[in-house]
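Next, two complexes with chain A in common: one pairs it with chain B, the other with chain C.
== the complex of A and B ==
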């Protein structure tokens, strides 16, 4: 145990850096993913049949491919297109598209669960479509969408560990590097696992609290 | 730009992609079966006693909040330190089973509570023992009710089997990465591989929906 604490003290900065990168990636992905998801979700719910097709295709493709495949594709493809993205940017891109697809479905689900009468009422008092969406539908949709939205955040923090495979120095990759130096595989994997657990359980509890309201 | 699509390089490696797909499906199937065992045990244990519910609840909370990759690496790289040495297939299937088990416990718990109490009481009234009641009355009703979630979990497990690439199991994603680096046909490789995943998932969900329709709903 002493040996582990000693090694942990030596390895503290790589682990802290890794954790910060993990959080930063997840945060960026949830912000971009929410923007994509809400826009696509509104389009999927209220768009015409034809205009829905490309968005439906996007959601189905993202939901049908593993996150790891999107991450690898986002890492390798831009370089041959002449774009230079860092591994971290590629990872954020992939996770954002993944989150976007999930949030789009979630937005569609909670928008559709609102009774049509609400839209009709909004229209009959003379609100424009945009006003109805922003002032009537979103506040109501938010209540049912918030818990699963937080769970998407948990999925993103879990998913960000996949970026270790394309060389992003997030928590898991830094843990592996630390283990490469001191060979304490169990101790450090369990330690990093606990960090993931603490963050995710806190988020999960938050989701449950909102769910009860 | 100046990039033109040439699919030949990928088609000439199509065999290895297909064998990778099969490896992924087989691993997913084994994990689903093992996960179902874990899920059923967990669901029944958590119904049995308060202590059981606590233990199962902790297991579910731990596994659901850990990244699968961490569990996989823990089993593959850290267990040998304790003297438990599994080859990469076994350790990955163990990890995937533990992971899917946690999700399936939730599924089966929901399924158990969806069985009408009247059915259980009726079975007890005609003199079935508790085990018989569970086996002949509760389980069939529960399985029909959880079939849709079971198919979703199976598709989820199949997608998660891509993480096996991290410990060099030659499944679809690993083969894709190999073809990608060997041939530099980057766009073509990922285009084909992600379509393979999407098609496989859609075909699976189509077949599973067909199966669901064959069983009457309760």
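== the complex of A and C ==
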């Protein structure tokens, strides 16, 4: 145990850096993913049949393929096309599109659970559709969308570990590098696992609290 | 008499859902401060007619003219008809107020907030001015003390009175009431009908669909009987209820007395 604590102290900065990168990537992905998801979700709910097709396609592809495939695609495809993205940017891109698809679906689910009478009531007092979305539908959808939205955040924090495979120095990759120096594989993998666990349990707890209200 | 004297004119209105004709050429006109009740069995097209006037439904033929303006469609007379853009439809909808059978209050806003939303976003009022008008109308329907309550904290009758305040606060030229007591417990019906009566006495122009025959007789200047997508009889309450000319109307009235 002493040996582990000793090594942990030596490895503290790479691990802290890794954790910060993990949080930074997850945060960026949830922000971008939420913007994509809300816009796509509104289209999926209220768009015409034809205008829904591309968005439906996007959501199905993202939900039907492993996140790792999107991560690798985001890493390799732009470079083939002559765009230079850093590994971190590619990773954020992939995770954002992944989150966007999930958030689009939960946005659609929340909006569809609102009775049509709410839209009609908004229309009858002369609100435009955009005003109805902002003032009538979103505030009501928020309640039911918040818990699954936080769950998407949990998925992102876990999913960000996949970026270790394209060389992003997040928590998992830095843990692996530390292990490469001190060979204490079990101790450090368990330690990193616990960090993921603590963050996600905390988020999950927050989701439950919102759910109860 | 010039055509424009009527506040609302419905001319040869036709609507179908696929092959099902719901409105088969409806003509109806309403003068300012008139109270017109539409009665008839379910499926006769009463509610659909009201929803067409509020532009919640599209229709295939005919014109609806509100205060001299053809609403819902561009170049409705002759040539191709085009449904107007959302912004224009919204402006026209704000000229009419609608109260729904199922209240449809906004559950995330309190009573005052429900009344204020349209004043703020559609009429562009500041918060203080909107609140003042909202409170005036909540007082008018007897619910000023409940202004901070959310819909879930109000009885059905109170919710419907807030809905009436929400519609009237917009100062609409015409108020449409769609079976507003049908979803209420029997003991709550009266308070809502009293509210409507007092608003009618104040000179509001009302077009209402109702199953409350006594109320229709009491409050209306005219009663219209609809049957299978057509207006069959359009007369004073006395004539409609005491001397029905149409056989269908007579049997309908008989059935409602049971």
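The rule we apply is simple: the second predicted complex is superposed on the first by the 213 of 213 C-alpha atoms of A that agree within 3 Å, B and C clash if a C-alpha of one lies under 4 Å from a C-alpha of the other, contacts with A are read in each partner's own complex, and residues count from 1 in each chain.
Criterion: contacts are C-beta pairs under 8 Å (C-beta built on N, C-alpha and C of every residue); 3 or more make two chains touch, one makes a residue touch a chain.
Predicted model only: the values in this text are computed from it and were never measured.
Trainee: Is A:73 touching the first partner chain B, the second partner chain C, both, or neither of them?
Mentor: Once the two structures are laid over each other on A, A:73 reaches chain B alone.
Trainee: Name the contact category of A:84: first (chain B only), second (chain C only), both, or neither.
Mentor: Neither chain B nor chain C is touched by A:84.
Trainee: Based on the superposed arrangement, let me know which partner A:48 touches: chain B (first), chain C (second), both, or neither?
Mentor: Neither partner.
Trainee: Using the superposition on chain A described above, determine whether A:128 touches chain B (first), chain C (second), both, or neither.
Mentor: In the superposition, A:128 touches chain C alone.
Trainee: With both complexes superposed on chain A, which partner does A:139 reach: first (chain B), second (chain C), both or neither?
Mentor: In the superposed model, A:139 contacts chain C only, not chain B.
Trainee: For chain A, which side has the bigger count of touched residues, chain B or chain C?
Mentor: Partner touching more chain A residues in the overlay: B.
Trainee: Within their complex, state which residues of chain A touch chain C.
Mentor: Its residues touching chain C are 115, 117-118, 120-129, 131, 135-136, 139-140, 143.
Trainee: In the complex of these two chains, what residues of chain B are touching chain A?
Mentor: For chain B paired with chain A, touching residues are 1, 3, 61-62, 64-70, 73-74, 77-82, 159-160, 162-163, 165-166, 173, 176-177, 180, 184, 186-187, 190, 193-194, 197-198, 201-202.
Trainee: Note which residues of chain C are touching chain A in the complex, please.
Mentor: 54-56, 86-87, 89-91, 93-98, 100, 102, 104-108, 117-118, 121-122, 163, 166-167, 170
Trainee: In the complex, go through chain A and note every residue touching chain B.
Mentor: Those in contact with chain B are residues 60-61, 63-70, 72-73, 76-77, 79-82, 154, 157-162, 164-165, 172, 176, 179, 185-186, 189-190, 192-193, 196-197, 200-201, 204.
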